[in-house]
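Got a structure for you, written out below as structure tokens; questions coming shortly.
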Amino acid sequence: MNQIVNDPDYVVEDMLKGFIKANGNLIAATKDDKVLKYVNTPIKEKVGIVTGGGSGHKPAFIGYIGENMCDAVAVGQIFSSPTAKSFYNAMVEADAGRGVACLYGNYAGDNMNVKMAIRRAEKDGITVKTVVANDDCASAPKTEREKRRGVAGEVLMWKVGGAKAAMGADLDAVIAAAQKAIDNTRSVGVGVAPCTIPAVGHANFEIADGTMEVGIGHHGEPGVKVEKLKTADEIAQEMLDIILPDLPFVAGDEVVVLLSGLGATPVMEQYIVYNRVEEILKENGILVYKAYVGNYFTSLDMKGVTLTVMKLDKELKECIDMPADSTGLKQR
Amino acid sequence: MIKDKEAGFVVIDLVKVIRDNKDFLSEIDGKIGDGDHGINMNKGFTLCEEKLKGKEFGLSEGLSALSETLQEDIGGSMGPLYGAFFGEMAFAAKEVISPEVFGEMLGNGIAAIEDIGSAKRGDKTLLDTLLPAKEAYHAALEAGKDFAEALEALKKAALDGWKSTENMIARIGRASRLGERSKGVLDAGATSCYLLLTSMAQSFQRLL
Amino acid sequence: MNQIVNDPDYVVEDMLKGFIKANGNLIAATKDDKVLKYVNTPIKEKVGIVTGGGSGHKPAFIGYIGENMCDAVAVGQIFSSPTAKSFYNAMVEADAGRGVACLYGNYAGDNMNVKMAIRRAEKDGITVKTVVANDDCASAPKTEREKRRGVAGEVLMWKVGGAKAAMGADLDAVIAAAQKAIDNTRSVGVGVAPCTIPAVGHANFEIADGTMEVGIGHHGEPGVKVEKLKTADEIAQEMLDIILPDLPFVAGDEVVVLLSGLGATPVMEQYIVYNRVEEILKENGILVYKAYVGNYFTSLDMKGVTLTVMKLDKELKECIDMPADSTGLKQR
Amino acid sequence: MIKDKEAGFVVIDLVKVIRDNKDFLSEIDGKIGDGDHGINMNKGFTLCEEKLKGKEFGLSEGLSALSETLQEDIGGSMGPLYGAFFGEMAFAAKEVISPEVFGEMLGNGIAAIEDIGSAKRGDKTLLDTLLPAKEAYHAALEAGKDFAEALEALKKAALDGWKSTENMIARIGRASRLGERSKGVLDAGATSCYLLLTSMAQSFQRLL
């Protein structure tokens, strides 16, 4: 599959340069070329929101830098955790004296690098607390939730954490809200065509024509099963069959739904799936309070969708309702 | 006798073995991981080589540079893990690398990996190459073998340890979510680690 | 290539249902199931903005329904003009007594259907005037501009027309502004992988691996040449070599740049191209006043990018600066 | 003698010929257009068939229904063009479809296409099938041929007209931007039009 790049080993660097150029109203570079921040960060009296992760997931992670969202983001190579140094630098950039909430996804590399970054930040007197997103139901049984990957649910975690911090909450309250957001969130992905890491130059896994991979990870990690390609309606059903019993979501719940394409999925197909998702939720007595449909968390040029559902309470609703301004999520 | 300041080339040999096996490492990682292990490693090791270019450096300086590059520029899992490994090895090096000094370098490096990654033997990681290699090395020395022979024992054990990952179920890292499906393929980290240990042992043997 | 659909003959219908469900805060259905409108339309004292076109270009066209953007949109089948009836119904929905500006793209079907719709609307006493976008440089020589296709430049035409109408301008002023917008706008597209109409089931054209098609149309219309796949930097140069001399854009100009993916292009690749686009413009003394990078006007799952540049004057700047709220373009 | 109210099946035959050639039409359109001509046409014609199902209808009612469906439900270029064509044909039909009546139906239908689409002969459109077909039909009548023979002449000219589009440069519609590159392939609209005219002539011939 043709890719539009320069040196495949420097796609991240090239992308960052373009991203900074195009979004000067929102995004500022920092002295670490792998750390970007919101132009107004650090924001007085506000808990800093930091995240970071491997690249290839646009708009994640840098697309969620902005007003009432993330303050600073550490950027890794394609599908590879940022360095401890960059996580540390992001924490320093985001800190305004009230501490930093580092909200990231559950991947071995990120866990290690964040841990090392926190050690350094604490030596500087910066308090950092973490929430580790693990919303991907398909990545481990419910009994081993601590092993589950973080996927598109991270967007809702940032939205909630970012809003809570913007309301003036202290670090513990921000962490508690973001943790509640992710605890109330479940996701699953379905892949119908693989992705290609530019420097590798060919897909490292296959999804045969006419088949789909249920539970696929955001880096192409194999899912729980390979099946015959189903219709959009059936895929909606299959994803909800995994998600709904896991929390569980029950009649009377109000939820946010985030349906994301994986990079090469036309938005038309995403809406076709969403149509049935909302119908099924309704049939189960579950009310969609707000829906996000689009490319919110991708995997290079993978084709497929992830479905994320978050159960709301009053606090989460307030956070979801808060306006936000970032390249990936704008809301009034 | 191996002098630290004459053994800088050992690090350059490490860079070479990673570069030569870049695609192979990614291919293995692609089977149960995300297929980038060779890229990540090659990027870090090549960057280190560039930093060292034109400089005079000994073994410990070379390993330090490698450690720093991996930690500061690479990230991923390998940045912290190999970063700490080579960092501790550099720190434990002495002017003369005796068999005992090398044993300590290896031990401290491995301890750092265990500390940061909290993986255990049998989890299908690079530790499954490292731990048996270290044990065989020490056992050989204790059995009265010389440095070169002990390194030979290390190489053999590293090979066996690497191969043993094929039948393991991954219990940590990206592949751990696969359960039974992670069986039947080699671990990427164990593979690069086998290549690195073997290269290092061979380079040392040339000095003995 | 696997697609996530139900009945391939009803993808448009299914998508519309999902789109309405997901965006109830912005979008209202009408009695014509192929016409959607902004929830607050008709807006008192405001000229109505109508557009429409074939489907498969999401977010275009329905994604540009919203505040200070389009009021009502007629929806066609995949790559096929809406019916005259739907264009007419959209005009009726959008009219608030001050007339309707129908801003659409230069395609044979759209031209015919709009013409017939206007005849009907005029019988109802609704005044409709049109601007026909023809920003695609590659689709005909400059001497035959009236033959050129409308492509992603339509987004800027709607932004300007929508803003002007929201400012309270009368129909002639809205039409004049939208016409000026498109007259000042040039686009070109580069395709690196073809698209597949779901009901056809296979790509109807090929772009061989390692090659690219310069000047490709939004429906896969062949471009001006097929070349060896170039680097992102070279592609930026090639696109600007076509665009800049055509208006021409010259040193001292201020411009809006819109760089859109064609559906299956990772946003990362888009930013890599954008980086060089802005550099080249700068080298030519042209200042980027505002940049839009993302999937603004797509062609199903085609892979590639379109580059659009609009030269600004004071009026266009005011219109571009105006806040907007639609699913495809949100701006504060 | 062809009675309008006995000739409703002619429209059903039109539906069939489009359905049978759906993929062929899309394939031709794919070469210099967007590849959807067969889909668009088939969707409209099938929808019309559904509307007519279970009803009694004559030729003019059938053509009216077809026209309405194309115009109200299909859009694209074919909605207005074929919509107007069949609409005018229906309007010009009489209780008895004499050779003269059919000539007028054809003429009015073609005039509507010219009015809406402003294409000319040689622009590589369905007019390049229609215009020669109409002319051959009238010439045959004037030369004293009967209805069936005139229809035979129409079929022959429609075929030649259709084939003639292969070497034309498109000057209107989607393909017109291709210039020289539009040469060497048949026009999609001319193709469907050839199929429709031929089917209609054949259906009529069965009644004669």
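Every chain is named by a letter (A, B, C and D) in the order it is written, and numbering of its residues begins at 1.
The rule is simple: a contact is a pair of C-beta atoms (placed from the backbone, for glycine too) under 8 Å apart; a residue touches a chain by one contact, two chains touch by 3 or more.
This structure is a prediction, so every number in the text was calculated from the model and none was measured.
Any chain touching subunit B that also touches subunit D would appear here, but none does.
The chain with its Cα centroid farthest from the Cα centroid of subunit D is B. Each chain gets a centre from the mean of its Cα atoms; for subunit C and subunit D, those two points are 33 Å apart. Taking each chain's centre as the mean of its C-alpha atoms, subunit A lies 54 Å from subunit D.
Between subunit A and subunit C, the centres computed from C-alpha atoms are 29 Å apart. Residues of subunit B in contact with two or more other chains: none. Taken residue by residue, subunit C touches two or more other chains at no position, since every residue touches fewer. A linear topology is adopted by the chain contact network, the touching chains following one after another without closure.
Counting only pairs that meet the touch rule, the chains in contact are A-B, A-C, C-D. Partner subunit D is touched in their complex by these residues of subunit C: 9, 54, 76-86, 107-109, 112-113, 115-116, 139-140, 147-149, 197, 199-200, 204-205, 217, 219-222. Touching subunit C in their complex are the following residues of subunit A: 1-6, 11, 14-19, 21-23, 55-56, 58-59, 63, 190, 192-193, 207, 209-212, 229, 231-233, 235, 263-276, 278, 288, 291-295, 298, 300-301, 303-305, 325, 327, 330-332. Looking at the complex, you find that subunit B touches subunit A at residues 26-27, 29-30, 32-36, 39-40, 43, 71-81, 116-117, 172-174, 176-178, 181.
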